[in-house]
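Same chain, two partners: subunit A is paired with subunit B first, then with subunit C.
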Partner chain A sequence: MIDYLRLSQLDDVLEMLWAEGPGILMLAGGTDILVRPQPFAGARILLDISRVEQLRDIAVDPADDCLVIGAAATHEEVAWHPQVSRRAQLLAQACRLVGSAQIRNLGTLGGNLGNASPAADSVPALACLDAEVVLSGRNKQRRLPVLEFFTGPGSSVRQPDEVISSLRLPRQRGRQVSFFLKAGQRRGMCCSKASVAFRARSHSDGRLSGVRVALGAVAPTVVRVPEAEQVLEGRRIEPRLIDEAAAACSRAARPIDDIRSTAEYRKAVVGALLTDGLFRLGDKMKQRRRPRRRRPR
Partner chain B sequence: MKVDVQLTINGQPAQFRVEPTERLVDTLRERAGLTGTKEGCGVGECGACSVLLDGKLVSSCLVLTVAAHGCRVDTVEGLARDGRLNDLQRAFIEEGAVQCGYCTPGMLMAAEYLLGRYARPTTEQIRQAISGNLCRCTGYRKIVSAIRKTARQRAARRTGR
Partner chain C sequence: MSWLDSRRPRYDAADKVTGKLLYPSDRTMDGALWVEVVRAAHPHALIRNIDTSRAEAAAGVVRVLTAKDVPGLNAFGIQVQDQPVLCHDRVRYQGDAVALVGAESRRAAREAARLVEIDYQVLEPLTDPERAMAADAPALHPGGNILHQGHFSKGDIEEGFGKSAVIVEDVYQVPMIDHAFLETEAGLSYYDGEVLVVESCGQYVFRDQTQIARSLGLPLDKVRVTAPFVGGAFGGKDEITVQIHLALMTYHTKRPARMVATRAESIVSHTKRHAARMYYKTGASRSGKLLAVQARFVSDTGAYASLGGPVLNLMMEHAAGPYLVPHFQVDAYAVYTNNGFAGAFRGFGCTQACLAMESQMERLARALRIDPLRFRQMNVLHQGDLAALGYPMKLEVGAEATIRSARRSKLWRNRRALRQPPASYGPSRRRYIRRGVGAASQMQGLGLGIGIPDYAEVEIELAPGPRATIKAGTTEIGQGAYHAYILEAAERLGLEPGQIRVVGADTGRTPDSGTTTASRTTYAVGNAILLAAGRLEQELGRRAARRLGWPAGAGKLRDGGFTGSGGWVALDELLAGQRVSARATFHVPVQDVEMGDGLPHLLYSYGTHVALVEVNTLTGEIRVVRLEAHLDGGQVISRTGFEGQSEGGIAQGIGYALFEEVRLDRGRFVDTNFDKYVLPTSLDVPVDMRTVPVMVRDSTGPFGAKGISETCMVGPTPAILNAIEDAIGVRFTRLPVRAEDVLQALREKEKKDEG
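Let's look at the complex of A and B:
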């Protein structure tokens, strides 16, 4: 038997978590919880946090110019928010590829993290955007880099009295280029077999800096690939470097065989995804660099 | 403990006393008698159970009824007016977009959601909009043409031509 409780104030949620922590199952969109074999096993209170306004805000924090995204914002809200599109295009792109409209209208960023699946699509994007997770409890709060939140498939450093309250994305300087690509069974509605997120600053001479590469679904948690990043750092995109970076991704993948795919396929496909993304990005950047003819006055 | 839930279903106020674990698809079908909404997979993958919740397309097998308290729920039963099918439903029939019909209520709701947001959707947008709805019979093309046809008709009516 489980009791249902819906709260609308963040303080009340924190108070409740402090008092009843381990017995509480937080419900946001429910798109992960409701498909679990025993959705409510072990919980005494189902705490609905989906209507806590403070957890749904998306806004820039004037103090440090970070874009702050409330954990209970849905994928659809994040995907189409003007600030997110402007400052974190990569995250918008990843959120647009989650499930289908039916899923994106329910599922939240906080739930995507809270479920701690290595296939969570928002996570590689957040990792490339240097995002921090904010964990809040009664009289306490901590921030950590998003990948430090996860400790394995389905597990995280979250304490029973903490809620994921928001994600903080620092402002990125200069012109940004990025992409998120995933491979799955079909285009709509499907969990990734492998995904790649890429972000860098692109300079006027075509060189990249601050390169970030993260992989989803090919290891127990989402991983960054420093070897691939170093290959491209300070360089222009060219075929030889693309091959090297892709090989580094395949090497970094530590996939498991599971119901969705084999390990071998996953290793190959992450490399192919990065290759595909970088070739397309390279073409786009070349077109941009080609000097345009001045218009006569 | 059971919970009182108020919903506005197809414009009509409704009240239920439900267990916290009851799903909206079951409340609609078993309590409200609205069996138009279908359950296919029960895990969010087929779209047969699609309804509009406060105007947003969702899978009703993934929504707990308690969590929908105070919300508007629009189901396929709300599309017809005075026993007359709406233009989208008629287009589905005319274009042959219905075979066994199991996916149809979900397809209609996904299409209404699209048409509510885009007056002139491209074919790609239409395909995207129904990408969360599985159909095992039609091969989708006739569904896409029915939606395209309705979009054209509604646009024409709006501009008065």
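Let's look at the complex of A and C:
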């Protein structure tokens, strides 16, 4: 048997975690927990944090101009929030591809991280956006780059008395271009067999800088691919570079065979997804650079 | 005003969406026991001992039943009773039932089920049907492992190939798939006085009644079975599921009993679509005449017979599609293995054969450089022609009309332009995104075929109001049949649909209208409604003579009244507060040649499907962009229902082509839920679906109607495979076609093209 407890104040949650830490299983949307074969294994208290308003806010912190997204915000809330669309289109795009409408209405960003699946769709996007995870405990708080949070499939550096309270996304300068693409067993309601997130600043001459590439579901955790990023850094998108960057992604992938796909396919498809995304982006950028002819009045 | 071909909301829609209508899984009763089935722990094993003592002693347990508690025949099966109600000496698949636990709660039943101790001697499972066919393979049943075989030849196959300018030969492989009906197997049983009632989820209450009575050793009139509304089946509930188990528990405890299968239990236990290996060789002349079709089928029927024989017969019957072929040979085997068990599933053997044959037709057309639909049209069967198996097509044949309709469609006419991805894809993407258009034609036997009793009896009662009640023994299984009956009756009785209701599927209250399968109900029950209406009119004629002094003679029901020798009189006036009813039985007409169980048919529906697909050659992902169905179901009764059937069929066809496969590992089910058994979602089904009715009226059908509920799912799969070949030049011969397969095939092709 397990006790169920729903709290609405963050302080109470932190107090509870401090007192009962290891026996607590936090529940946000429950979309990961409740489908496990033994949902509550090893826990004494199921602590529902989905109604903690302080964990659901999405707002810009005036102190450092970061976009702060509460960990209990749902994928649907994140996907359609105007500030997210303006400042972190890449994250909005990833959240829109999570599961189905039902899953997005329940599932949260914090849960996506807390579950620590290498296939979590928000994570490659967050990694490319240089996001930091904020972990809070009673009288303590720490921040770390999102990828440092994960230590392997299903495991993270979170201490039993900590909650993921928010994600902080720094403001990006200049014109941003990005994409998130995933390959699944079908087009909706599916986990990624592999995913790719990409972000860069685009300059007026078509060159890219600050390139970020991250891969999901092809290694024990989400990984960045510095080799692919360097290929594109300071360059324009062109077929030869796309091939090189895609090859770097395939090399960086350390996938496994499982029920959803094969390691071989995953290795190939991460490169393919990056290629597809870059070709699309390249075409779009070219179109934009081409001076538009004025229509005669 | 005519109600035919109308678009009206289904009469049961509001009750279904508001939850007012109760399904079998919703039904319960005070004091009902929960029944849990203890299923085989191994796909193939001998049972040495069953010890129920610990389970019996568990809290909340009322009764534990095993084979020795089956008072009658401990076996069931639609055709051959080879499946034990409860196994006592041997289990042959993972879903085999060994014991039943009846307890006060579901939880207690489940926990006790784990305490039933069964001592097995595990045997090696037989998993490859071609190996199971070998003479030295261990036999799963006394008669050996070949459940059924069929052989037929016409003309001289070697001569046919000798004359052929092009020959295509290949092996096609289709997987076992699940029906994925929404409501799992469920029911409630109880005693009503002396009569044991089973409210169940089956597709034919009268046959279920027989099977229950036989296993319980009861006379038929002591068993009553109902199943008016069921949450989907697609053939998967044609065979017995929960019925006998429920009845057995109530029989022994005298208490109501209830079952609702979990999804895992459902997937493991019920029938599946037959996996099959299909060896095909086809030849055509230079001018495009189909000369020879040779086919060999090995279908995996799993552990028990169910309808494996008739399914194989339909594969044979449809092996050459709706085409004229002078030289034809088919050899077919349905083989027992320990891979679950297979049976009826929408399409019933045509699905498999059509996939292979329509792939062959496409490849012949390509080899001959003839427009693939024109090639089909050049060879299509017409009324009076001899079908592949040598019997004449006596009734109207709509095959050509559906091909013409498809050829006229924009999708087909513009197919060259449509192969270009849209401009919005941008110049780079347009180089590696490929599109293609493919088609497939098929026919599908309607009704049970010759040799299997196929009739429908209905009763119509007219009451003051005026109101009419149709009593029919078939099940409303989600397909919309009752809605069709209402429209057919409204049309014939001169009433409004709102004045008519249906009482369905109850062996205690409705006549036997036959099975809810084989695309037959709108046709067979509809015809019976017309016959019964004729009898009503005779009776009303007599009444008019008696009451109104009209000259004797029949008349016509029309405009809410009766038109006879004395003019028109309102029904209410003629009925004068009384009810009038009439019964009639329609016998589905059959061929005069008999070639085996259900082989062949007299009636067929026809269809041609056209698919536009897109392949991302980088990722291997396939998307169906557009799908058109040109279907001949004769006169359409309900347009809403017609389109609903067609669109559902398209979705199911897409699932078969791209996603679905019941994976077994040494006879064990790998995926037992819909998280891993991949079904198409709404995003995988094109927004752009078009259903074109091609109404070639059938001279034997009610208002010229036939059924289309299977034809509509058979064609989409081969049309998609043909479209994929059009897009990327790769022929797939194995389902499902996944992105992984596409990428690998493209690599191999690249190597070949280079080398």
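We adopt the following convention: the second predicted complex is superposed on the first by the 292 of 297 C-alpha atoms of A that agree within 3 Å, B and C clash if a C-alpha of one lies under 4 Å from a C-alpha of the other, contacts with A are read in each partner's own complex, and residues count from 1 in each chain.
Throughout what follows, a contact is a pair of C-beta atoms (placed from the backbone, for glycine too) under 8 Å apart; a residue touches a chain by one contact, two chains touch by 3 or more.
Please read all numbers here as calculations on a predicted model, not as lab measurements.
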Subunit A as common anchor, with subunit B and subunit C clashing or fitting: clash
Contacts of A:147 with subunit B and subunit C, given as first, second, both or neither: neither
Partner chain(s) touched by A:60 [first = subunit B, second = subunit C, both, neither]: neither
Subunit B versus subunit C as contact partner of A:100, first or second or both or neither: both
Touching partner for A:4 - first (subunit B), second (subunit C), both, neither: first
Partner chain(s) touched by A:276 [first = subunit B, second = subunit C, both, neither]: second
First, second, both or neither for A:268, with subunit B first and subunit C second: second
First, second, both or neither for A:25, with subunit B first and subunit C second: neither
First, second, both or neither for A:241, with subunit B first and subunit C second: neither
Touching partner for A:35 - first (subunit B), second (subunit C), both, neither: both
Set of subunit A residues, in rising order, touched by both subunit B and subunit C: 35, 100, 187-189
Residue ranges of subunit A touching subunit B (in the complex, touch as defined): 1-4, 6, 27, 29-31, 34-35, 39-40, 46, 48, 50, 76, 99-103, 105-106, 187-189
Contact set on subunit A toward subunit C in their complex: 35, 100, 183, 185-190, 259-262, 264-265, 268-269, 272-273, 275-276, 279-280, 282-284, 287
Footprint of subunit A on subunit B - complex, ascending: 1, 3, 20-21, 23, 43-45, 47, 50, 53, 56-59, 61-64, 66-67, 69, 110, 113, 128-129, 131-133
Subunit A partner contacts - residues on subunit C that touch it in the complex: 426-429, 432, 616, 618-621, 623, 658-659, 670-671, 675-676, 678, 680-684, 738-740, 743
